[in-house]
Amino acid sequence: MNETAITVHDVTAHYGSKKALDQVNLTVPTGAHFALLGPNGAGKTTLVNILCTLRRPDGGTAVVAGADVIARPTQARRSIGVVFQDSSLDDRLTAWENLEFHGLVYGMAAKPRRAMISTVLELVELGDWTHEIVRTFSGGMRRRLEIARALLHRPKILFLDEPTVGLDAQTRQRIWQYLDRLRRESGLTVLTTTHYIEEVENADIVCIIDHGRIIAEAPPEQLKKDHGIRWLHVVPQDATAAEAIVQRFPQAQRLSGTGLALPAGDDDRTDAFLAEFRDRLSEIRFHPPTLESVFLSLTGRELRDRADGQRDADRAAGRRGGRR
Amino acid sequence: MSTRPKHRWRATAINLGIVAALLTGLSFLPPDTSLADRQSAGVLKLCVPPSFPPLVTGEEGAPGYDVELAGAIAAALDLKLSLNVLPSIGQDYNPRNWFLTRAQCDIVGGGVADTAQTRSFMQTVPTQARTGWIGISPTGTMPPPGSVVAVLPGTSGLNRLALSGWLRQQQLRAQLVRSPAELSRALTSGAAAAAVTERFLADGIDLDQTGFVPFWLEGEGFTSFPMALGVWKGDQTLKRAIDAAVSDLEESGAMERLRERYGVDADLAPASTNQTPPSAVSPLE
Amino acid sequence: MEAMMLLRGLYAIWLREITRATRDRAQLIGGVSRPLIWLLILGVGLNPYFRGEIYGEVRFVIPYTYLQFLFPAVIVLNIMYTSIQFAVSVIWDREFGFLREILVSPMPRPLILLGKVLGGSTIATIHGGLVLILARFADVTLSLQQMFTALGLMFVLAFGLTSFGVILAARVRSFEGFGVFSNTIILPLYFTSSSVFPLDPALTRTQMVTAYPEWLVFLVQVNPITYAVDALRGVIIGFNQFPPTYGLAVIFGMAAVFFVVALIDFSRS
């Protein structure tokens, strides 16, 4: 088996004049759980679209499971399973029919196909819903069905674009347990993209991406050690207080809502800050180094500080990418 | 465990079945009132010429094939047949020149040929009678060029121009005769090597059937054609009822008996004097 | 083995279209409501104006009743609607993301398109074939052979028109736009296809009773649907206004040309 599952070399992509990916280089070893972390619009979905051959890169090369995505897309497609950010189920068919369609399209023979359908449906606990029309499913159920579908043809590499949105903790755990087993037993490589920190804590390698550039790539513990500092999150009592803090401490970062975050690595400065603004704060909290704080210190922004409009624009871009 | 659905095609079958049943049901809606109108009047009006033997004879005992057939149809529909004699019918085969109206006739008989020309005005109910030019000769084929052929044109408007053109083209000398008796004399005396006449006149010719074989003539501009009863175009319910009645009559053998009685079959050898095996009939048709 | 795998995929794509179309009862009933309107309402309503009243005063001298004349055209109308509306299914796949599920699969693009078009043409043929149930109503009698020839022609016609629908779908962005769009295409094509009136209702030159202005004759003659209707009329009621080979050439030509164009479009997308 190949040592590297995915190799990305100097990949560049544009949407019009906007640069979505800027000379991205990546190597994902076989059997790894690789997480792409970044805010919406960072270029994660574009990269996934390139890797699953839906979009051609404007420059550079990408090799997936030993197949170049530009030169031999069909071979690459055979080895990958994809869970897209938005549903790609046919909601007028039943769960079983969606899976049957998938199995047939991947050329699976009747016996292994039917057996796998039962297996994956049990995995995502949709056994009772086998013959229900997908339209009646909740968001979480659809998500589970899509994950089941992506695993149906036993791919070598699984792409999960914002995978576990809308899943309850129990199901999420079950699915990850199953994926971990597949990784150990058959060398499945999992690549997830997310803007949820919780999703990547268990990853082998976390790759932080912003504005189409990779700004860090390491195991999560390594990242926390290298870039993580303690942060002080405060909520000022009013806007004038917030204004005063920002003017006094320019390194303060505005958080979503009314909060502010200050790097708290330097105890003197923290003391000075607290001494000065103690009475004008309604909330004070220290945050130990987390991936979130890593992200904050690397990009100067919170992960979830994007407006919904941006997210929609991102979706539209992803959809256009899919059509191209 | 197999999760394969047991009735995968059930919804499809049910939906298609419902739609098909709906359409089938609707296809039984009557498209017009033509039959209902006749039934409320209790009368079926048949328009015929004064005489077009053997389809219409004007005789009391044997009124003609078309008239008797129309009578049987009317009886099957529980209607009284009313005969409407119009001299304009049957002068030629283009019913456009017959000056008929819906008020006068429900069905038309006695000289309605089942051709595209007729069908452009009327729908036709084929009666299994057939007419056209026929030849009569000892061999069952037309004689060699140069021979004399006796021609009895009759009165029903078969295309005489086309016939004489065809005879000229075959380099046969046509000799007009005025009656069946004259025709039969010309043939038996050997004055003519063959004779040409209309199919319906053939049965009236008194000939020694052992020596002479009738056969259909087909050429450019004239062919034999089936005869029919005419029904007005668009009278669908009436037409369907008549079609059903005719098919019943055919099944019961009543039509066959009528055809034999009047000698209007497409099969040329008359039953009464049939001594010629059918294989001797020219396959020209 | 490879071929078997591709056949499975082709079957899956075809089957999905069939399942979607036949599961929706409303869609099926909508599909047959058109022939009902055309045959039952228009055909019966206009029947008195096309039937014989007085010999020599009839204008409609085609040797068939108006219902018989209309019948094959209604089949074509049904196929046109269903085929061109198939574009909605293509747009749906694109807008609701299902297209990506197909595109990341190892199925080659041409086979994906073929599967979809075959599915669409099967549905259109079913919708056209359902009209045949009304043959009795229109007083059209069909032998088994006629029926299968007609269904075959209907399928090839549907194949061409479905490909045409796919071509349209590539150029139309929204569902709403497509509804208006399809009507502005289908109805003019249908009405200028000599479907509801014969181009020359006379049997011979001397009988010529109606002459249409040249622009209308021109429109009818350049409309490919004219020849499709004519071919089907030839099979179903045995009446041809044009040489029968024209219709066959147009039907098969449309299927080939439109599919190739759709393929180019689809591969580029």
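Letters A, B and C mark the chains in the order given here, with residues in each chain numbered from 1 onward.
The rule is simple: a contact is a pair of C-beta atoms (placed from the backbone, for glycine too) under 8 Å apart; a residue touches a chain by one contact, two chains touch by 3 or more.
This is a predicted model, so every value here is computed, not measured.
Of all chains present, the one whose mean CA position sits nearest the global mean of protein CA atoms is C.
When chain centres are set by their Cα atoms, the one at the greatest distance from chain C is A. More C-beta pairs touch across one of B-C and A-C than the other; that pair is B-C. The geometric centre of chain A is 84 Å away from that of chain B, both derived from CA atoms.
Rounded to a whole number, the gap between the C-alpha centres of chain B and chain C is 38 angstrom.
Averaged C-alpha coordinates put the centre of chain A at 47 Å from the centre of chain C.
Taken residue by residue, chain A touches two or more other chains at no position, since every residue touches fewer. Residues of chain C in contact with at least two other chains: 19, 23-24. If you check the complex, the residues on chain C that touch chain B are 18-19, 22-25, 28-29, 31-32, 36, 40, 43-44, 47-48, 50-56, 58, 61-67, 126, 130-131, 133-137, 139, 203. Of all residues in chain B, those touching chain C in their complex are 11-12, 15-16, 18-20, 22-24, 26-29, 31-32, 95-102, 116-123, 232-236, 239-240. Contacts from chain A toward chain C in the complex involve residues 52-54, 74-75, 77-78, 80, 82, 84, 86-93, 97, 100-102, 104-108, 149, 319, 322-324.
For chain A in complex with chain B, the residues that touch the partner chain are 94, 96, 114, 117-118, 121, 127, 130-131.
Listing the residues of chain B that touch chain A in their complex gives 1-5.
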